[in-house]
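In what comes next, chain A is part of two complexes: it sits with chain B in the first one and with chain C in the second one.
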Partner chain A sequence: MKLTIERAVLLKALGHVQSVVERRNTIPILSNVLIQASGDHARLTATDLDMEIVEEAPARVERDGQATAPAHTLYEIARKLPDGADVTLELGGDDPRVFLSAGRSKFHLPSLPPGDFPVMPTEDLAVSFSLPAEDLARLIDKTRFAVSTEETRYYLNGIHMHPAERDGRKVLRAVATDGHRLALAEADQPGGASEMPAVIIPRKPIGELRRLLEDLDDDIEMSVSEGKIRFRLGAAVLTSKLIDGTFPDYERVIPRGNDKIMRVDRAPFAQAVDRVATISQEKSRSVKLSLSDSNLVLAVNNPESGTASEELSADYSSEELSIGFNARYLLDVAGQIVGDEAIFEFADSASPTRVTDSGDPNAEYVLMPLRV
Partner chain B sequence: MTAFSASSGGGQLALDLTLDPDYRASSFAVSEANANALALVNRWPRWRQGHLLLVGPAGSGKTHLSKIWSERAHAIVLERDRVERSLSRVTRGTSVLVEDCDPGVDEPGLFHLLNRAAGDSGVSVLLTARSFPGDWPVTLPDLVSRLAAAERAVLHEPDDALLRQVLEKLFRDRRTPLGAGVLEYLLMRMERSVDFARRLVAVLDNAALARKGPVTRALARDVLTALSGE
Partner chain C sequence: MNSAAGWCRRCFNPVSGQDRACPTCGSRRLVRHAEASTLSIAHIDCDAFYAAIEKRDNPSLEDQPVIIGGGRRGVVSTACYVARLYGVKSAMPMFKALKLCPDAVVLRPRMNVYASEGRRIREMMQDVTPAVEPLSIDEAFLDLTGTQRLHGAAPALTLIKLQSRVREEVGVTVSVGLSFNKFLAKTASDLDKPDGFALIGEAEARAFLSPRPVGSVYGVGPVFAKKLEREGLKTLSDVIKAGEHAMIKRHGETGQRLWRLAQGIDTRPVNPERERKSVSAETTFDTDISNLDELENRLWPLCVKVADRMKDSTIAGRVVTLKLKTADFRTLTRRRTLPDSAQLADTLFRHAREMLAREKPGQRYRLIGAGYSELEPAHGDAGDLLDPNASRRAAAERAMDAARQKFGSAAVQKGRMLKRDP
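Showing the complex of A and B:
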């Protein structure tokens, strides 16, 4: 194999695939990227066995063939090469190493047999549709903060996505919860998505997908089966296994009848929560909200580091209520709100609170309180 | 949900993220406490007078067993307090399930339904209840005598073997992560009823979710203490 590729093109393609590669691998070849040269392009593949990203990039191919090289090392080299450099990658002859040259820089990198590189079995991903990149990015952004990191409840370690209907409108819905809070976002349902099975997309491919969406304005193609999901985003294709589990019946925990409504300006609210939480306990990050007529007091009482309070005006006319929340959770939700106001719907100090966005009817959040 | 103060979890409360219970026939735990009842239900359609009364305390498996039967018999479900107005749905060969019959059953409706089952219409009726008909507030004399003569399948409070299987199923239904030895710890100390097991698992699952970890022995001890103090 011998190919020459522009440094910027190589860096971009490696940037897209290399983060799939774990820093520590018990299987050596998983540290490598597979480079396949043919026609007028190079094809780069990285995998961790659960997910794979393949990206094609234009290249001048002198000799068809394939090689593997350490992904992170290759990325670091490409990053440090001068802009505008042409990079030549070569494998052949008696030398089992990959030879990289760019201007006066020359590297010999250890290689492993490309035939050993694990390829994700292709299977029929029966349901396929396209949707705007912006919609998918929104579904991810509005929900991923609530994905659980507790490995024992593996079925919460991802975003649950499925076709749904709200008020007669067909939507594609994304939901995530860690048991303390829940986030739900919807987008117009793309044609062909109604047959999609309900899936749970794991946290890692969600992160990779979001990065790939950064550079993209076009539609993306999404293909799904019971066990796998594939996203075609421009020159990159991300394929991932899905979480094999059942997502809980989340609709039961979204309170629809809470009658104590508070409307509060998002930015001053978030800033005030952040300020008073400075002295909250590290573990619970507890902040107490005390509501009375048109008035909201945020308070923290920490025996070790003192007390804090801040008063805000809020649109509230129900009976007085005191309720505690983890400040981190309040800030996470406030961070997703695009409208001027956050709308809180409370029942009491021990029941789920629903939060909506004055500027986005397609997202809602549920927060469980803290005992204070 | 029982309020268990998850104080060592920093006071954070958790969403009640239950999953749909697993009502498949293969997951019905069998022991001496319910084997006879299971056999009687499985004798369908050869029930005496075309109907069977399934009696057992809360959580003893009435719902699970009746779901298994309903699926097999393609049964329709009639609400206990409006049987008469749904009788038009009961045609030749229909299988009917009426649940929780002890309080507020539609007496004339149930009487007509049992009459149809007793005839040669091929109608089958499964009734479930927590108590025996003698304790139901039924006043229609003909219905009282029909119920008194009804064939009965009885589910008893669980023995140890069943309790273990029930506990395992309840934790499995909620996908609750369990620490080593927790199941044995609970089995040795808990109240011997399925109703208690249900409450126990619900509270443990919720408390573990609040703490973002598995159910540990320490948590099991705290929750058992809290529940037995109620």
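Showing the complex of A and C:
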């Protein structure tokens, strides 16, 4: 194999695939990226066995063929080469190593047989449709913060996505929860998506997907089967296994009839929560919200580091209520609100609270209070 | 003063290097060492503490072998020095101990008595230095550096007086190890038990340690010791010879620690505010149990016990641990990190039970334990959206706690609590 590729093109393609590669690998070949040269392009593949990203990049191919090389090393080299450099990658002859040259820089990198590189079987993903990149990015952004990292409930370790209907409108819905908070976001349902099975997309491909979406404003193509999902984003294709589990019946936990409504300006609220939470250094910090007529008091009481309170005006006219939340969870939700106001719907101090966004009717959040 | 001068342990008067007995009172119990006036890190360990308390309270037991431990099947918590002559050791299963020493008087531990006496001794330690790091109720490290002026005496003499005060006021003996770091102090306190006083100076530390077996280092258990021996590392001098690099390569941080300890290097300070790392409770059964229901019935009271202690100190833990010991003495520990810290008996029980259910069915166990670790200040019970009953159970536990506080610990209990062995 021998090909020459522009440094910027190589860097971009490697940037897309290399983060799939884990820093520590027990299977050596998983540290490598597969490079395949044919026609007028190079095809780069990286995998961790659960997901793979393949990206095609234009290249001058002198000799068809394939090679593997350490992904992170290759990326670092590409990063450090001067802009505008032409990079030549070569494997052949008696040397089992990959030879990289650019200008006066020369590298010999250890290679492993390309035939050993694990490639995900290309099965037929029955349901296929396209949707705007911006919609997918939004669905991810509004929900991923609530994805659980708890291993025991593995079926919560991803974003649940499925076609749904809301007030007669067909939507594509994304939901994530860790049992303490839940986030739900919806986008217009793309044509052809109604046949899509309900899936749980794991945390890691969600992160990779979000990064790939940064550089994109076209439509993307999404293909789904029971066990796998594939996203075609420009020159990159991300394929991932899905979490094999059943997402809980989340509809049941979204309280729809809570009647104590508080409307509060988002920015001052988030800043005040952040300020009072300073008092407790622990990871899980509880903030008490005391509500009375048009008045909200945020308070933190930590036996070791003192107390803090802050008063805010809020639109509230129900009976007085005191309720505690984890400050981080409140901040996470406040961070998702795009409108001027966050709307809290309380039942009582022990029941789930629903939060909505005055600027986005397509998202809602649920917070479980702490007993304080 | 002679290079190996010291003091008499009975009358506290100075003795010189030549004296075979105290020139003042004639006692032969002398503390003499070339570095006696400079060493200042001590380890104090009560001798067969639980048994000593029992003998103090019941003088008729004085010359009898006494074993403190739980139940027909439990393990030996403490064996008095008479029982030790028969080969009885702590942590030994009771049946084995009774085989070795059939005449032993077996007593159930009276933990509250031991705890209050332990506190008295600790207060005496705190009278001589604020830097007391308790290891358990009957054992502590003391740093007496800089107390010479305060007491008008070298640390060694202060400790001799402390030792004698504990004997007179509490009526039990303690052994003192004095050196220049914690590791050697602890090693020293074991050299001259009971009622001992041993010193290890900087000059002799290496020579003293070299021939000792690797297993003599605190923290090197029998399994690790065997592993080291298989690598040809029998003594601490073998460890030194292996070199720091090789020890790190083979055993990581533990290897480096061992290599350093082997030559008497230990830089850990005596820390009087060492935080509690975990809260746990365990129980050994009278007969092995394999039935899951039965195991759960034993698990529940332990969870209540742990939760009570957590609530008392308003702390919560992020990690739940289940400990099991199989009938053939294998110890299994299973741990799980919680999404939020918790302190409830209910939470501990639910997670421990799930982990228990995953173990091999039909396995027979002799011990079960459960606990919280990764502790932090408690901040309230986190509800669970997906388990709506979790909040209800939390509220029930809090209500029960309130009732127990008011009317005593037996006022309200879960039905499960009554399903214990008679």
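Going forward, the second predicted complex is superposed on the first by the 370 of 372 C-alpha atoms of A that agree within 3 Å, B and C clash if a C-alpha of one lies under 4 Å from a C-alpha of the other, contacts with A are read in each partner's own complex, and residues count from 1 in each chain.
In the analysis below, a contact is a pair of C-beta atoms (placed from the backbone, for glycine too) under 8 Å apart; a residue touches a chain by one contact, two chains touch by 3 or more.
Keep in mind that what you see is a predicted model, and the values were worked out from it rather than measured.
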item: Combined model on chain A: chain C and chain B, fit or clash; value: clash
item: First (chain B), second (chain C), both or neither touched by A:Tyr155; value: first
item: Partner chain in contact with A:Gly179 - chain B first, chain C second, else both or neither; value: both
item: Contacts of A:Pro205 with chain B and chain C, given as first, second, both or neither; value: neither
item: Chain B versus chain C as contact partner of A:Asn302, first or second or both or neither; value: second
item: First, second, both or neither for A:Thr246, with chain B first and chain C second; value: first
item: Touched partner set for A:Pro114, first chain B, second chain C, both or neither; value: neither
item: Single chain C stretch clashing with chain B - from 128-136, 290-298 or 326-334; value: 290-298
item: Residues of chain A at both interfaces, chain B in one complex, chain C in the other; value: 148, 150, 152-153, 177-182, 248, 253, 283-284, 286, 324, 326, 350, 352, 366, 368-372
item: Residues of chain A defined as touching chain B within the complex; value: 148, 150, 152-153, 155-156, 177-182, 245-246, 248-250, 252-253, 281, 283-284, 286, 324, 326, 350, 352, 366, 368-372
item: Residues of chain B that touch chain A when the two form their complex; value: 3, 5-7, 10-20, 175, 177, 209-210, 212-214
item: Residue ranges of chain A in contact with chain C within the complex; value: 148-153, 177-182, 248, 253, 280, 282-286, 302-304, 324, 326, 350-352, 366, 368-372
item: Interfacial residue positions of chain C with respect to chain A in the complex; value: 314, 336-341, 354, 376-377, 379-388, 391, 394-395, 398
